[in-house]
Amino acid sequence: MLSIDSLHVTYGGAVQAVRGVSMEVPDGKVVAVLGSNGAGKTTLLRTISGTLRLHRGRVESGSVRFGETDLASRDPAQTVRMGLVQVPEGRRIFGRLTVEENLRAGGMGTRDKQAKARALDRVHEMFPLLKERGSQRGALLSGGEQQMLAIGRALMASPKLLLLDEPSLGLAPRIIGQIGEVIAEINRQGTSVLLVEQNATMALGVADLAYVLDVGEVSLSGDARALAQTDEVQRLYLGHESGTDPGAAAHVPVTSGKKLSRWSA
Amino acid sequence: STKAPESGGGGGGGGGGGEAADVQTDIGVEGETIRLGVLTDLTGVFAALGKDITNANTLFWEENKVCDTYTVELDVQDTGYVPQTGVQLYSGMKDNVLAMQQTIGSPINTALAPEYEADQIVNFPSAWSKTLTEIPGTGVVGATYDVEIANGYSYLFEEGLLAEGDTVGHIYFEGEYGANGLAGTQAVAEEMGLEVIEAQIKSTDQDMSAQVTQFAAAGVDLIALTVAPGQLASVATVAEAQGLDVPILGSNPVFAPGLLQGPAAGWLKSHLYVASPVSAFDANPETLEAYEAAYPDATPSLGVVVGFGMSEIMKQVLDAACENGDLTRAGVLTAFSELEEVDTGGLVVPIRGYETGKSPSLENFVLQPADVPGGAKVLAEAFQGEFAEKIAG
Amino acid sequence: MTQFLSLLLNGVSLGAIYALIALGFVIIFKASEVVSFTHGSLLLLGAYSIARLSEPIGFFPAVLVGVAITALAAFLVERLIINRLRGAPVISLAIVTIGVDIILLTELIRRIGSDILNVPHPWGGGSFRIGDVGISENRLIATIVAAFLIGLFFLAFKYSSWGVSMRASAEDGETAALMGIKQGRVSALAWVVAGVLAGVAALFLVGSPTPGVSPSAYTVALRAFPAAILGGLDSTGGALVGGLLIGLAESFAAGYQDQLLFLGRGFGDVVPYIVMIGVLLFRPSGLFGTRELTRV
Amino acid sequence: MSEATATKARRSSAGGARPLPGTARGRSLLKPVLLVLALVVMLALPLYVEEFWLRTGFAVFGAVVGAIGLNLLVGTTGQLSLAHAFFLAVGAVTYVFVSGESGGIGLADLSGLGLPPLLGLIAGVLLSGLAGLLFSPIAARLRGIYLGVASLGLVFIGQHVLNSWTSVTGGFNGRSAPEFSLFGFTFGNTDPDLFVLGVPFREAERLWYLGLVLALAAYLFARNLLRSRAGRALQTLRDSEVAASVMGVNVQRYKARVFLVSSMYAGLSGVMFALSIGSIAPESFGLEVSILYLAMIVLGGLGSVGGAALGAMFVSALPLIFQRYADTVPFVGGPGEGGLAAGEAARYLFGLAIILVVLFEPAGLAGLAGRFRRKARDPGGGRTTSRSSAATSSSTTSVPSDPPAQGSTT
Amino acid sequence: MSTASTAGADVRRDIPPVEIENVSVRFGAIKALSEVSFRVEPGTIHAIIGPNGAGKSTMFNVLSGVYRAAEGQVRFGDDRLDQMRPYQIAGIGVARAFQNIALSGGQSVAENLMLGRHHLTKAGFIAAGLRLPKATREGKVHGTRVAEIAEFLELGDKLHTPVGVLSYGDQKRVEVARALCTEPRLLLLDEPVAGMNAEETARMAEAIREIRSALGISVVLVEHDMGMVMSLADQVTVLDFGRRIADGTPAEVQRDPEVIRAYLGSGDEIDPAEAADAAATGHHTGHHTTETPGTPS
C-alpha cells in the first residue's frame, strides 16, 4: 500500500535527516517505527503527508508511493483526500477551537456525513472525556487529554492509512494500553497503520512489522515479534539488558556517568 | 575633493554671461535661460490643483520671456504634499534656481520659510493663508482667506441675503486655511452682531450630516465654509435633504467644477457664493482655450487661472529686476519688494504690493456655479468689501 | 431631542457601513490571521469601478461588475501573495498588504484625480423622514443591507464547516492541512467575500450624504479598523456592534462638538479611538473576541 | 551539524565543558576590514557629495535610529506597535519647545524655553521615553493586533494634540526647529564658518556627522542589548510570557522597560527628524509614518538590528532618490503629459519592493545581506558547503517554521 | 518519613521542605485540584502521578505561581509560594521544566539556557547596551556553567543550534537543562522523558538522580513512565480528579488498590499483545514489587 524507496531527506539542504530509507506498509498491516530522538521518524512522516516543505525540508532522492500514486508532489490536503491521515507530533490541537470543533475539523477531509457521524460516535466511545468536554477550548485540556483529542480528531477522517507520531506521548499507562487496543481495533476494521512510537512495548505489541531507525537509516527491520527479541531492541527500546534481570535495568549505568558540579559564583 | 572648487566659487557660475552682459546674475541664470523652481503636489492630496497650476505655469513660460530675452525653464518637483520630501527636494534644486515659481501647501511653505529667507528666494505659494504673508519674499496671489471670506459677507449683506444679528454656521478645516477663514467670519460677526456656530473638521471627513444637523437645529441663516469641494457637496446634499434653505458662502478652494456632475449641482447653482481671488473662465475665455489646446485631456479648474496669474506676477518681478540690471537673487528680491499695483489683466485681483504681514490685496471676485466652462460665472467683479481694510492690517 | 434623534439615526446608519467593512476585516482575519491594510484601497476600487461603469452600462450592472472587480482584486491578492506566505509572521503579512495598498491606491488616486466621481444611485439624495427626523435614503438602504449580510454570515459561521475550517487553518495551517482542509481555498474564499463586502460598503459609502467618489473614501477603512477591533477581531457579531458604536460615537461627537469644546475642536475624529482603547482596557480581546489563551 | 548525521556518533561526552562564547560563528578577517572601510567612506563622504545626498543621509540616520527602536519593541519583544509616530512626535515637539524661542510667524503665539539644543535633545529623548513608560501598562494588557490598533489610537490622539496645542506645537502649520548646537558649535550654515580641504562645511555636512554618530551609537547599543541578559529576556517574552516569568523574568517590568527604551529611540529619531526638516508639523507624524517604520523593520528583517538599519535606509531614501531622478526613469512623464508622475512611479516601486522582499526574502534585507556575505566568504565554493552554511546561519535570523512555544500547539 | 534519609548527608542546608496544604484550584465547573496536601522532604525526589487531567500540571502551575490557588497554602520554607508572582518564585530557586515545550524556537540552545541564568545575573539594559565590563564578565562566567550543564544533559554538540529544529526529545532535554540552569533549590520536572525511548529514559533518570545527589536539591517529578517513577522516586503522591488518593513510598503506592484502579490498571489491561517479552511489561506497569527505590550512586 505505502512503499518508500531509498528516501533521502534534508532540511535546508544541509541536515540529512533521512538517508536511504526503504520501507513497506502492506495493506491492512500495522507497522511500527522505532528510533532514538532525532533519528528521523517525524521527518519520515512529514515526507509522507506532504508537510515537509513547511519545515524547509526537501526530498533529495527516492520515492514515496501510495498504491499507484507518487506522493512526492502532493500537498497535504490532497494526501488526506487519498485516505492518508497523520496525527502530528506533539498533539497540535487547535487551541482556540472547542473540543467539538476540533473533531469537526478532523472530519473536513471527507464528505460522507454518515461516516462522520459513525466516526464521531466511535471517538466518543473511545474517549468519553471528549464528549464531556465538548464545548471546552482545546488549549485548556491537560496534556494527555489533548493527546486523546489529537487521536480522536484523526479518526474522524476514517482513513485508509493512519500515520501516528508518538500517540502515547504523555498518556497515562492505562490509556496507553487503550491506545494499543484502539490501534488494533482500527486495524481490524481495515485501516493500515504506520506507528511511530517511543513506547516500544506498546508498539511492538500491536505491530505486525517493525523498523528501527538509527540516525536516518534503517538499522533493523522485520517481523515485530522477532524484532522484539533482538538484543538491540531489548536494550534500547524495551529497557533491559538481554538476559539480565529486568529490574536491574535502572541500575545499569547506561549513561556516560556524567557528573555535575555544584555551582559557586 | 570634487566639491571644493565648484561651490567654493560662491555663485560666480553664471557670471552674467550672454548678450545681456549688463545684467548681473548669480544662481539660476545661465546664458539666456532662467531656471525657476516648482515644488508642487502631483501625487498627494492636492494633486489635482497642483497639476492645473503647474500646467498653467509651464504654458505661461512657453509663451513668455523675461525682458524679451530670457527664456524660463521650470524645475518641477513633486512633493506629494509631504514636508520632508519638500525640504529634501528643495535642497536638491536650490543651487540651480533663481526663484520659486510655485510652492504648494502651507506646511511645506512654513517648513521652507527659513531656507527661503536665507537663500533670498522669491516664492509664490498656492495658498492664501495669512501666515504666508509673514515670510519675506513670499508673494500670496491675492487677498488672504480672512479678507476673502469677509468680502464674501459684504456681498451677501449688500444683496440682502444676510442681515445684522443673523446666525451663521461655519465649518472649517483644522489648520491654517480653516482657521484663517474662520477669523474672517469672526471679525465680521463682531461688526455685524452675528452669532457664529463653529464646527471644525478634518480634511478626510466627508460626511457633514452631523454638522448640518446641528446647524439646522440652531436655525442658521447662512453656512460658511472653509473646507474642500467634497465637504461642500455633502453640506449641499444634507442641507437640501433637511430643507435647510440658506445661502452657502465659501472661499475659493471650496469649489471644483466636478461638483456640477453630482447630485448637489442644482442646490449649488442656486445657493453657493464663492469669494475668490481669481476670476472665472467666462471672463477669460482665451486662457481656457490656450489651456485646452495644450492639455486636451484635462478638465481645467480655476487652478489654471491661479497658475497663469502667479506666473504673470513672477514675470513682472523678473522684468523689473532685469530692468534694474540685477537678476541676482538679491536683485529679484528687491524688485519683488518694490512691486506696486500689479495688474494681471483681470486674472487675479489687483495686488497692492507685498508688505510683510499684510494681505497683498483687499479685493475679491464673487463667483457662482453655472453650466459654463470652468463651472463658475462671475457674480461680482473684483471689489473691496467694507470689512477688508480693517482685517487686512 | 430632534437633534439627538437625527444624530442617533445618522450614527446607526454610518455604523452599518463601518460594520460591513469591519466584517471584511474579521473574515480575512479569521481565515488567514492577516490584518488586511488593503481594505481601504479595495473600498476605493469598488467605488471607483461602480462610478466609472455607471454611465456606460447602467447603474445596476455597474454595481454587479464593480463588486465583482473588487472581489476579484481581493482574490488576486490572496492567490498571488498571501497564499505564498503561509506561516509568515503576522506583521510581515500586514506589511505586505500595505505594499498592495500603496500600489492600488496610487493608481486609483491617479485615475480619480481632481474629480469627485458621482455615483448615480437611483435612490438619489432624497431623505426618509419620520416627523422632524430625517435620514438619507441611501443610508437607510445601507443599514438594511448591512443587517441582512451580517446576519447571513453570522449563520454561515455558526452552522457551516466553513467557519471551523477558517479558524482551524488560521490557527495552525500545517495541522489544518493534515486534516484535509484546503487552506488555499478557505482563505481565497474569505478574501473574495471580504472583497464583496468592501464593494457593497463602497456602493453606499459614496452615496448621499457623502459627495461621491474621492480619494478620501479610503480613510473610512481606518475607522472600520477600530470597529473591528472593538467588537473582537474574530467575531462576526462584534463587527456589527463595533461598527455601530464607532458610528454613534462619531456622530454624537461631531454633532455635540460645542458641548465637548473643553477637549479641543475636532475631537470627533479621536473619539472612535478613545472608545476603542477604553473598551480594550476592560476587554483586551474586544467585546466579543475570543480571549487569547495560554496554558503551560 | 551535518557531521552529527555523517558519523554515527552517540552523544559523546568528549571535550568537557566549554565556555560559551557570545557569538560562536566563525569570524573571518574580512568583516572588520570591511567595517573600517565603510566607516572611512562614511566619514569622507561630505567632502565629495552634494547637499541633497547629505541631507538624505541625515534623514536616513534619523530613520535608522527610529527603526532600531521600533525593532526592539516589535521584532524582539513581539509587541506590535503602531504608535511609533506618536513617540517621534513627542521627541520632536519637546526638542522644538525646549530649545525654541517664543514668538514665531503667523497667527500662532508660540512659546518656547530657549534652552540649549543639547538640553532640548535630551529632554526630547527622556520625555518620549516617559510617554512610552506611561503607555506600557495599557500595552501590558493587550496582545498582538489588539495592541497594534490600540496603539494606533495614540497616533490619532497625538495628531489631535499637535493640531490643538498651538502654543507649543505650532498647530497645523507646525513651527520651525532651532538649529542644533553643541557647546557653542552650531550645526548650521555659519557660526563658525568652516572649511575642510577647501570644502565649505555647512549645515548639511555638519548634520551628516551628527547623524552618523547618533545612528552608530544607537546601533551598537541595541546590538549589545540583544546579545545580553536583557535581550534574551525580551526575546523570550515574545515567544511565551508565561515561560519567561517562570524563568524569573519580571514580565511587566521588562515590557515597561522595552517600551521605555524603544520610545527613547523614537524620541531621538524625532529630534533628528525635526533637525532634518528644520521644522515640525502634525502631518509629519501621522499614521503613514508609523506604517513606514513597520515597513522598515519588516523589510530589514524582524528582530535584526542591522536589518532595521538597512530597512530604514531603503524606505526613507528610496522615494527621495526616485523623486529626484525621476526624469531619467522610463515611462515617467512630466506633469500634465499623461504619463506617470515621478512621485507615482516612486510609490509603485516602493509598494512593489515591499511585496517582493516579503515574498522572496522573508528574513528581509538582513537575510539578503547575509547571503551576499556568505557568497563573498566562499566564492565559487562547492554547492554543498555554501548550502550548509546557509542553513546554519540563516536560522539565526529567520523565523522558525515550527515555533514550539505557542501554548496550544505543543 | 524514612525516605528523606535516602538523600544522605549531601542535602544542601538551605533546602527547606515544600508544604502543600489543602490546595484547591477551580476552572469554572472543573475542579482541577481539591484540597490537596502533601509534603516534599528536602533533598528527595518526589513523584506526582495520576491519570490524564488529574491535576498534576495544575499543581506545578500553582507551585510556580502561574495559577493562583483558590484555597490552601503552599510553603517553601518561610516563603509562601501561593502568594508570590512567578518571577519571584523563580528568584528564590524554584525552577520548572514545562510539559508542553515552551522554548524560544528561533534562539540557540545556549541562549535558551542562558535565560535560566536570568535571576542569577544582574546586567540591566544600560550595562548591557554599553557593554560595561561587569556585564561581559558576568556573561562569560555564566556561559561556562551553561556549557557545563548542556554537556551534562548531552546537548553539548547542539549548543548553537536553534531549538526549533531539534527533534522533540532533544527539545525536552533543553527544557530540563534550562530549568537546571537556574541553579534551583527545588526542581519541578513535568514529564521529562515524554518522547524518549527506554534507553534515553534511563539516561535521563540517571541524570536526574545525579542532579539530586550532586546538587543536594529537591526534585518534584510528574511522569507517566512508571518504571522510571518507581525506580527513581523516594516518595509518590497520586492524584485523581484533582484529589489526592494516595501518598507514600513507591512500593506502598503500587500496592494501593485505589491507585491500581484509577491509574495503573492491571497488567493484562495494559499489555494488549503478548508479543514482546513478558518481562517488558514490568517496565511500564511498575511491577517492580521487589524493587526498592534506587539509592543514589
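Note that the chains are named A, B, C, D and E in the order they appear, and that numbering of residues resets to 1 at the start of each chain.
One rule holds for everything that comes next: a contact is a pair of C-beta atoms (placed from the backbone, for glycine too) under 8 Å apart; a residue touches a chain by one contact, two chains touch by 3 or more.
Because the structure is predicted, anything quoted here is derived from the model rather than measured.
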Third chains touching both chain D and chain A: C, E
Number of steps on the shortest touching-chain route linking chain A and chain B: 2
By mean Cα position, the chain sitting nearest the middle: D
Pair joined by the larger number of C-beta contacts - A-C, B-D: B-D
Chain separated most widely from chain A, comparing mean CA positions: B
Taking each chain's C-alpha mean as its centre, the one farthest from chain E: B
Centroid distance [mean C-alpha coordinates] between chain C and chain B, Å: 37
For chain C paired with chain E, centre-to-centre distance based on mean C-alpha positions, whole Å: 50
Chain A and chain E, separation of their C-alpha mean positions in angstrom: 26
Distance between chain centroids, defined by C-alpha means - chain D, chain E (Å): 42
Multi-chain contact sites of chain D, meaning residues that touch two or more partners: 1, 11-13, 163, 240, 242-243, 246, 341, 344, 347, 395, 399, 401-402, 404, 407-410
Touching two or more other chains - residues of chain A: 11, 15, 54, 90, 92-96, 139-140, 256, 258
For chain E, residues that touch 2 or more chains besides their own: 57, 66, 98-102, 148, 151, 154, 165
Footprint of chain A on chain C - complex, ascending: 86-87, 161, 164-165, 167-168, 171-183, 290, 293-295
Residue numbers on chain C that touch chain D, as the complex places them: 29, 35, 37, 81, 84-85, 87-92, 94-96, 98-103, 106-107, 110, 171-172, 174-175, 222, 225-226, 229, 233, 264-267, 269-270, 273-274, 276-277, 280-281, 284-286, 289, 292-296
Chain C residues within the chain B interface of the complex: 2-3, 6-7, 10, 14, 106, 109-110, 113-118, 124-127, 134, 136, 208-212, 214-217, 219-220, 250-252, 254-258, 265-266, 268-269
Touch list for chain D against partner chain E, complex: 1, 4, 11-13, 15-22, 24-25, 221-222, 224-225, 227-233, 235-236, 238-240, 242-251, 257, 261, 303, 395-396, 398-405, 407, 410
Of chain D, residues touching chain B in the complex: 47-52, 55-56, 59, 105-108, 163, 170-176, 189, 197-200, 204, 273, 276-279, 281, 283-284, 319-320, 323-324, 326, 334-336, 338, 341-344, 347
